[in-house]
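Structures for review follow.
Two complexes, one shared chain (chain A), two partners (chain B, chain C).
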Partner chain A sequence: MIQEEKFQLTPSIRKKLLTYGGVGLGLLILGILFLIFGGQSHGAEAHAGSEGGHAEFHWYNRLFANLWINNVYFTGLAIIGVFFVAIQYVSQAGWSVLIKRIPEAFGAWLPYAGVLMLLVFLVGGHSIFHWTHSELYDESNPAYDPIIAGKRGFLNYPFFLIRMVAYFGLWYFLFRLIRKESLAEDVNGGVLHYRKMIKYSAIFVVIFAVTSSTSAWDWVLSIDTHWFSTMFGWYVFASWFVNGLAVVTLIVVILRENGYLMAINSNHLHDLGKFIFAFSIFWTYIWFGQFLLIYYANIPEETIYFVERLDSSYYSSIFFANLFMNFFFPFLVLMTRDSKRHTIFLKVACTVVIVGHWMDFYLMITPGTLGENGGFGLIEVGCALVYIAAFLLVVLTNLSKAPLVAKNHPLLQESIHHHT
Partner chain B sequence: MEVTTSPVRDPLITGRKTLHDITHDISYQVERKPTVSWLLALATSLGVLAIGLYAVWRTVWDGIGMWGNNKTVGWAWDITNFVWWVGIGHAGTLISAILLLFRQRWRNSINRAAEAMTIFAVICAAMFPILHTGRPWLALYWMFPLPNVFGSLWIDFNSPLVWDVFAISTYFTVSLVFWYIGLIPDFATIRDRAKGIVSRTIYGALSFGWTGGAKTWERYESISLILAGLATPLVLSVHTIVSFDFATSVIPGWHTTIFPPYFVAGAIFSGFAMVLTLMLITRRVYRLEDYITIQHIELMNIVIIVTGSIVGVAYLTELFMAWYSGVEYEQYAFLNRATGPYWWAYATMMTCNVVSPQLFWFKKIRTSIVATFVLSIVVNIGMWFERFVIIVTSLHRDYLPSSWVMFYPTLYDVGVYMFTFGLFFTLFFLFAKFFPVINMAEVKTILKSTSDNPAKHHKTEVGEKDVATQKI
Partner chain C sequence: MEKSRYLVGIFDDEDILISAVKSIREAGVRIHECYTPYPVHGLGHALGYRRSRLPVAAFIFGLTGTILALLMQYYMHGFDWPMIIGGKDYTSLPPFIPVTFEVTVLISSLGMVTVFMIISDLRPYGKAKVFDLRATDDKMVMAIDLSRNKKMKLENIKNILTTAGASEIHEKSL
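== the complex of A and B ==
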């Protein structure tokens, strides 16, 4: 039997996280100062490729682009945590019961993510989204853009904001419902809460099936305002999902190394590893499907997206690094049975995947916002560090509030006696 | 090794079966004399096959001008039927490979028949491109890189149609081998029970001298694992490449990046519908209610809701992106689909594929045999119309309004389609009589951990196939 164990967010962990956050903030400020006073190192003039390229480049454009990358990335993590829990319930999976509290805790980031998303959009949306420029819709203005004007029914301030609030509202509401039952089950036992969670999870999955795509169109696709691809919603989902799996796995491994979750054995890790392996391939499948069809048909309106990323000496290296980190590396490292059962391989593979998918979002967002003014330096590292610290602080605080294992889960024994 | 099964799970095998009961219930159908109803069913299928064969004969003798295709609509029923059958041919390997990887034990009762159906469906699918070549005896030259004396005639490796040839033939081969290897231990069981010399000899030959020793089982498991590993990417690749037939083009309505995963989801959707149609009949006729329980049916219906909804999201994504893209050709293609002369096909597709599966949200409906049977046929109809809508409505109004036409099928279009139905059901009825329709060996492996037999405990030996999964 498992005795009740609780994760302790010790002052030293908290201090460590705050230090990371502080260092991140310092780096971010330093990076901004360098940008303002140090002059651009590369390509300040050549920004014709970007959609927003006609506007003059300011240091805050890069700041807002970074905030947006991290907003989308960490929102994805939070919502994938909820999604992962939900699919465990709707598929009545038994093996994952021991670890389910970890993805469950990710949902706690959702309200912060929502507020950040809203704030950054309201303050910096003009730098990020080309379609927010009013002159594009004015027929008498030389900048009038009939294609973007045609999208106005979807891309306009009120509707965009309503959608954003609705996504976070719905997601958070269902997360709270699931979480409430989950905690009540700890106290009351029985199968009633379990059945209710299946029901809420099913509702969540339906909502997420639609909102994962529409939010991806809103927050990422519309940055490259002219461009379109029907696959895009599922592409963002694939990136979010495999990244979420990698973060869950990494946290499970680290918790276990620190003496928690001793009921977790290499069989559970093996399953997590298989998931990362499989969904890295899934991400690549979606990536390749989108790329090949656009490349093969060679329609200029569509190929421009890849032209911007491949013809640029800066982005093309990231383009290939993206494929390496998110496909070849996890594919080769996690291919054997043993590597999925040993924590060192998992830690390395997860870290590469986690960084890799950050780069994936970087590559989705930066060319359309900064064009050739994009770069990778102190700002990127600092900003990401601040988000990592904040995300972990929120998630770990939430994790410490409930028992680490849902002790009355009706499938708990299946998970404890799990063999792959 | 022990498998723990939570008491909240319902048993997958009911009727308090023992190992012997499993052998008996399934082998009995192979061993008994053919029933009158089976003979009638086979005769009907052969009749349909014979009528269809006439249409095939005329098509080959007089050429594909016998069909309703015209210069604007170059692909119609032929490719619609082809994609429809290939899609159906996805469920079997999905059940045997992907559900194996996800450790879904309920697959054990349905995998054999589903795999058989897969193989027959792929054979039916292959008929259409072969016949569409017009002179199939020459087609080898542009399907396979064979040396030939026709000048510079050489296959076009850039064409997704050629990729299809390789994807489908590989898929077919692996599915066939996978299916057959699963059959070997069961053939041996029938051989060992056989009373007549003829059946003993035939099943003895079919079972490849299976001894049932530990070493043989070990090899059986290794090869199952390898084949499951191979089949998983293959099952996804086949419909991906079928979708490339359309999506690599620049035709509005065809060129859309969501096609690969959306086609795969649609294929699984239609495949499960066909599995349900066939299994509900087989279950009733062969009295297999204790092996294919209401729970099995409910789970398959849930797969139908999930895949049907994925397809629904894809339809709506396409509609939205057609508008959002601002490309007027794209916009017109979808407007024409939904409101043009083929609106009825579009409406049928939407109703059958997106709306009707949502009925399965009601537990009463998804656990009702009659409702499931009706809806499985509705889905099959819907998926045929999906391909028809994609193919014909995207073609019939091309860039030049003077060449806008409608497509009208001829009797020979109908006849060739009937031919594949006759072929499919003839093969399936032969399979159902002479082969064990449920994998006895694999069902036995889960008997102890998931049956309502009170003599068994929840903790028992792990199954043979489950052992295989560990190594993945």
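== the complex of A and C ==
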């Protein structure tokens, strides 16, 4: 039988995370200083090719672009944690009961993500989103852009902010409901809480089906304001989901190596591995579905997205690295049964997928915000480190507050005896 | 076709069958196959089945499909009948991917079904070995190929079967 076990967020782990965060912050500041006092020449020569609008390149443009990449990436991670728990309840899955507290803890990042997103948008939205420039809507101004002006009904400050608050509000509200029932079940037992959680999860899944797409339009697609793709909502969702699965798996494996969750055996890992394998292919399918249609139709206003990425000597290498890290690598490494059941393969594949999907978001956001001024250096590494440390600190604190296994879950025994 | 002789043991219950399989195999008797009305969990493990190598066949067939599909399209579009479609090169890769994917799946699945048929002795017009019709109703049937158990006496094997819990034993030539 399972004894009640709790994750201990020891001072040494906390110290380690704070150190990583501190190192990240140091790198970030160092990177910004290099950018200010170092070479501006690169920016000056390349800026002729950019789309206009972002007439001048400043160091803070790159900082805001980076903050935005990490905001979108980690918000996705948090909401996918809630989504993962929700689909387990909606499908009444038994195998995942032992691990469900880990994705459940991800939701604790949501309020921080919301505040960060709002702050970065209010402070730096102007250098991230082309559509926030007011001269585009003024017919007497030479910069007047009839296409963007036509999108004003959707892309304007008040509505954008209302939507952002609504997404986080709805997501966090439903996460709290699910979480409350989950904790109450630990105390009271019975199936009443389980049934309630199915209900809340179903509501969440329906809401998320819509908001995952619309939030992707808002936060990522609208950066390239002229461009549009009907696949984009799914594309962002696929990237978020496979990344979330990889992070859940990695945390499960690491917890198990540190002596927690000993009831988890290779059958559970096998299922998580299958999930990552399948959704890596799903991501590729969406990626290719978007690419092939645009490639084949060959309409300039659509192909510009890929021209920006493939005709640039800098982004084209990331473009192909993205495909390799997120499709070929997990596909080949996780193909056999044995590799899904051994932690070393899982750890390698998960790490590559996690880095790969960060690059995926980098590739979605940077060309539209920085153009040829984009780069990969201390700022990118430092900013990502700060976010990783903060995210883990919040999530692990939340994880340590509840027992690691939902001990009164009606399907707990099924999970313990899970067999594939 | 020469017939081989089998010893058929009938069991009433899946738990008896599984423990019987274990004890019979420990006694050194080689079991040909067990037939049950429904899937019995753990029976394959008790019979000492190794993991299926069907995935290996699937991978090889899939790879064959990928290569064949690409060669076919490159030959047709690039050399046999070059056509300009949508302003693309004759041999541009992206439009070939959907066909390549489909042919990979097709060859892989057809090949897997064929291999499965062959290894399961289910060739067309083949005659199925029916040891006992009740295997599709409510009995568990175990078949022992006597030609592969020549070292042991028939009486010995019958004794082992009885002690293992068989409710009924008979010989059958197929």
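In the analysis below, the second predicted complex is superposed on the first by the 407 of 420 C-alpha atoms of A that agree within 3 Å, B and C clash if a C-alpha of one lies under 4 Å from a C-alpha of the other, contacts with A are read in each partner's own complex, and residues count from 1 in each chain.
Please note the rule applied: a contact is a pair of C-beta atoms (placed from the backbone, for glycine too) under 8 Å apart; a residue touches a chain by one contact, two chains touch by 3 or more.
All figures in this text were calculated on a predicted structure; none of them were measured in a lab.
S.K.: According to the stated criteria, A:Lys151 is in contact with first (chain B), second (chain C), both, or neither; which is it?
M.R.: first
S.K.: First (chain B), second (chain C), both or neither: which does A:Ile162 touch?
M.R.: Neither partner.
S.K.: Check whether chain B or chain C contacts more residues of chain A in the superposed model.
M.R.: B
S.K.: Looking at A:Ile254 after the superposition, I want to know if it touches chain B, chain C, both of them or none. Which is it: first, second, both, neither?
M.R.: neither
S.K.: Contact-wise, after the overlay, does A:Glu301 reach chain B, chain C, both or neither (first, second, both, neither)?
M.R.: The first partner, chain B, only.
S.K.: Examine A:Leu192 and indicate which partner it touches, taking first as chain B and second as chain C; both and neither are also allowed.
M.R.: In the superposed model, A:Leu192 contacts neither chain B nor chain C.
S.K.: Figure out whether A:Leu33 sits in contact with chain B (first) or chain C (second), or with both, or with neither.
M.R.: Touch status of A:Leu33: no partner.
S.K.: Contact-wise, after the overlay, does A:Gln290 reach chain B, chain C, both or neither (first, second, both, neither)?
M.R.: first
S.K.: Please indicate which partner A:Gln413 is in contact with in the superposed arrangement: first for chain B, second for chain C, both, or neither.
M.R.: first
S.K.: Considering each complex separately, which residues of chain A are in contact with chain B in the first and with chain C in the second?
M.R.: Dual-contact residues (chain A): 292, 296-297, 337.
S.K.: Per the contact definition, I'd like the list of chain A residues that touch chain B in the complex.
M.R.: Interface residues on chain A, with respect to chain B: 92, 94, 146-147, 150-151, 154, 191, 194, 206, 209-210, 213, 217, 226, 228-234, 274, 281, 285-286, 289-290, 292-294, 296-297, 299, 301, 337, 410-411, 413-414, 416-420.
S.K.: Would you mind writing out the residues of chain A in touch with chain C in their complex?
M.R.: Of all residues in chain A, those touching chain C are 288, 291-292, 295-298, 335-337.
S.K.: Per the contact definition, I'd like the list of chain B residues that touch chain A in the complex.
M.R.: 1-9, 101, 233, 236, 240, 244, 247-250, 255-261, 309-310, 313-314, 317-318, 320-321, 324-327, 462, 469-472
S.K.: Taking the touch rule as given, give the residues of chain C at its contact with chain A in the complex, in rising order.
M.R.: Chain C residues touching chain A: 51, 55, 59, 86-88, 94-95, 97-98.
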